[in-house]
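Paired with chain B in one complex and with chain C in the other, chain A is shared by the two complexes that follow.
On to the complex of A and B.
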């Protein structure tokens, strides 16, 4: 019964990832001291949320057969914009919530704008996504550091930095934000015209164009969505670290792409689901956390994560019958 | 006897493409191989060229069993293949192209490297044999089609072939260049090389060959010496059987003009194309591959641009056209390349069938999709097309047979309720049963008020379905026939025979 519900929810072939995930969780819970504790569970959840949100944006781009390597720079760029808007400079704006709304709006707008630049370069100018976003990653990472002279902004309003510990209807705000993003992303992909168009563009843009799909704008929007997701993640990171930092999120790129790939979204576009990426992100976070608890060094963890993602990419190809 | 084929059969899946071919070829003999598109010529040549093995039957070369497992194996046995699309690397030099399969090497302190001196000398020699006096170091991309063809032949000669197969070698050559090629072919013949010459240009075939072999529907219907053929008998044998009863009739009530095209020109593809289509009329376009028919409909549909001319749709001049607008206007376009341009192969049947008509099933600002309605409508159309499938939403479209895939693409376009359906080779590579069903669907559509523009390389199909047939050649319309004037030999002659006259 549970299995058939899971089948319905997740489709068929991707069940393996769920099983591996659950199995891994139990093994770690039994053998790694400190893994199965309330403190660590919260830790897992709060590490998961921002990563998951960025990965969901990435899923959209990869569904359209693109890739967005610039997500880390979007996190950084929006973080310093947010930090700037929330700092003393805007202290004259009253009340505080208006300041926060204004700042968060500015962050989202920045994310969307960088996404727009990526999208237009890929869709209208026909440049390879990998090249475009690798370049914008350098461009905006550099800009973030240059603008702030590598200074963090502290002095953020109390009510903003308290956000991670605030609850609404007994649900912690970050979790609520995460659920809303997952919900919207799921709805958009499963119930709307855009959700039909995007995978068709990713799978075969010629067929899509001939069938009346607006290929260019579909692609551009996927990058805008990705930029907005990175901005939302940046809000969570910025609030939790209580700083607007120009190097925010600089190490998450592998985890982001890893989440999408482990989830099973096709490397060639056209096939992928939000719920897959959720599982992928959960797995990456568990892996990272458990290896940490085992006392492994950062570099060793990098090696293991890299191998796991490579293996996932290989499984991905296997599923598409490429071997 | 140099080459001998005994009862060669070849099937792809369930479709039998060659149904037992037996013939032989002597040294220094030129055999002309003719047949309609899809008759099995390419399949037969691919068997000889080592692209794939036969399903049944035997081949002998010089009395020994001949069963090449790759083009290189075929070449080393002495069978060379000059493809219709030339297989040269434009970014490499002539000499490099000539020796791409096997570079002469020399050793320098035990390290083997390419022997450039030998290559240059040998390349000049080979080029001399085909009458080219060019620097072998010149890049192939700098050459025009005719010398490229000669380079290809020189490359083939480099392997000391006993048999050379030419597939439509003159399509990209001018009259004068073709003449020079024929001289070369005669010279090779004098050297004892046997040749198989495949062409749609029947005049050329008659001029050049010793014997003619005619393929039809995978069978060798006649092979005889040249003197027993003229153009008319060749055409008759190529087309063969009576098939008109194969096409269901249709109530005729042709209305007023829906589409008027005037002097449509897209530089390099089509020139001054003028025609019209009336309501409930089926207009067929016939011509050789490369005559500009596909290019013309791509322009009409808005996939490619045009330079001058006008398109009037239902009395309104169209100045801007793209697929989105075309679908809104009620124009649908089933493309020739089913896999690359018609299907989303890794998606299920439902998603493929609903793609073009998605707008009908959405509502609200967010364009929410009514899945239930979409599924019902798709089910209805897929049922109407008699597609054989197991599950609409679970089964990938790639698991269907070619004919059923085509029906899904057709269902996709029928779901948009088209007023004009453009079909580019709608029955290419699908079996007879599926063909007949597609003809039925076209007739149904027309009886319900739509018009159809149909491109096909099967003349019988056009004659059976169309109210009018327009013949194109080299990007221009060269003739138009009303139903009362349909006579297959006349139409074929305009398309094939007069080809050279138009030049």
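On to the complex of A and C.
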């Protein structure tokens, strides 16, 4: 019964990834001291959430046969906007919660705006997604560093900085945010018209257009969703690190694309699921965390992650019977 | 078509060249130092490494592939050649050795792509991280200072031309010749246009794919040596994001990311020179260094945009013709 619901929830084909994930977790729990502790479990969770949220946005873009390399710069840009809005400049706004709501709104708006620029350039102007997001990555990470003169902004309000440690209905707030994002993303993809349109655009935009799908706006919205997801992740990062930093999230691009690809979402569009990306992100974070606990250096972890992504890509091809 | 429309069409067709001229004239007006012979030689020397990298990238892009690992190959090659020279190996021994390392990286990329059929993007993203990790591991994240002899090669001259420009010209001419005048070159375009059809027509697709990634790896290694001979040191960020610059240079030169379309001369050369002139010009007119990536990014964005608008208008023109 549990297995059948699990199958229904996850779909059959990606069972192997789930099994690999669970197996890896137990092996690490037994052999790596410090892995299976409450402290480390929280650590895993808090590392997972922002990455997962960015990866979900990326899944949307990849479903529409695009790619968004600019997510890291969106994280950085929204982080400094948030840091700016939460600093002393807005201190006249009372009470504090209004200030925070205003700032979070500004962050989300920034993310959506950059997503809109990406989306319009790809869908309306017909530019290749790779080049568009490559240049917006250069542009906005450059702008973030330029605006702040590579200074971090500290002095964020107490209640914002305490956000990761507060709970609502006994659930830590970041976890709640993560669950809400996953929930909305899942609902949007599985229960709405948009969720049917997006993969059809990714599969073949010409046939989709003939069948009455609004190809352009579907594509634009996928980039806006991706931008908003990156902004939400940026909120979590900014609160946790207690700084608005122009180089925030600079090193997560591999992890983001890795999570989506390990999950099994196709780079060519049309095939992909939110739950796949969740598994992919969990695996990447577990790998990172366990290798760290084993005392491996940053470079070795980099090498191993690269190899694991190759291996996962091979496994996906094997499952599809391409060999 | 009116004369005005014709002029617009002409402008759009040569958008990169036009923008290149606009950039040159703008910086020339802003600073009298920009358009001097000395500075133009300077731009050529500075762009030699990027151009060589972009030439290798052009081969890969023409087959509808992509190579994100070239920056990491540059780094590994730099670190290893630095280590070898520092422990006392003669430079003329170290150079062939590290060129082989570049080829090896290309071989690994090609193996995963055509044997295991993984998409080039994923394969080279993985080798990008593996390469950078390896380089950091070997160098222990420290900068390696190269001996004076390395810099001397960079500033030496052959027939009155600075060494980097000589190497650049050699790679440029060989690359252009191979691509435009050999059977292999034509097969590269065929594979990029339609792999399945090329295979049916008897093109050895696997061999072509293997060769382009080998060429790309080799070009990355040469590009690394050319850059090192000018810098004299390998920092932990050496080669970082150079793959993006190389892709941008090739695309600015008119090479399509979807394969089958593009050339090295004049395309990729103009693209690389354009990027380098912007960076050189910004230094000369003394702009705040923080703005460099913002301006470079904007210009590349604009050119890619003009290029896609041009394709749209061409498509429209074709469509109206067929309906009439």
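In the analysis below, the second predicted complex is superposed on the first by the 314 of 323 C-alpha atoms of A that agree within 3 Å, B and C clash if a C-alpha of one lies under 4 Å from a C-alpha of the other, contacts with A are read in each partner's own complex, and residues count from 1 in each chain.
We adopt the following convention: a contact is a pair of C-beta atoms (placed from the backbone, for glycine too) under 8 Å apart; a residue touches a chain by one contact, two chains touch by 3 or more.
These numbers come from a predicted model, not from an experiment.
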For this session: Report for A:145: first if it touches chain B alone, second if chain C alone, otherwise both or neither.
Result: second
For this session: Once the structures are superposed on A, label A:159 by its partner contacts, choosing first (chain B), second (chain C), both or neither.
Result: neither
Exercise. Of the two partner chains, chain B (first) and chain C (second), which one does A:131 touch, if any: first, second, both, or neither?
Worked result: second
For this session: Classify the contacts of A:306 with the two partner chains as first (chain B alone), second (chain C alone), both, or neither.
Result: second
For this session: State whether A:317 touches chain B only (first), chain C only (second), both chains, or neither.
Result: second
For this session: Considering only the touch criterion stated at the top, classify A:167 as touching first (chain B), second (chain C), both, or neither.
Result: neither
For this session: Report for A:209: first if it touches chain B alone, second if chain C alone, otherwise both or neither.
Result: first
Exercise. When the two structures are laid over each other on chain A, which of chain B and chain C touches more residues of chain A?
Worked result: C
For this session: Examine A:261 and indicate which partner it touches, taking first as chain B and second as chain C; both and neither are also allowed.
Result: second
For this session: State the interface residues of chain B toward chain A in the complex, per the touch definition above.
Result: 301, 303, 323-324, 326-327, 333, 335, 340-347, 351, 354-356, 358-359, 362, 366-369, 371, 412, 416
Seminar exercise, completed: Residue set of chain C touching chain A in the complex reads 66, 112, 116-119, 121-123, 125-130, 132-134, 136-137, 141, 244, 247-248, 251, 257-258, 288, 290-294, 296-298, 300-301, 304-305, 308-309, 311-312
Problem set entry | Complex contact set, residues of chain A against chain C | 121, 125-128, 130-132, 134-139, 141-143, 145-146, 149-150, 254, 257, 261, 267-268, 297-303, 305-307, 309-310, 313-314, 317, 322-323
Exercise. Contact residues on chain A for chain B in the complex?
Worked result: 188, 191-197, 199-200, 203-204, 206-214, 266, 270-271, 320
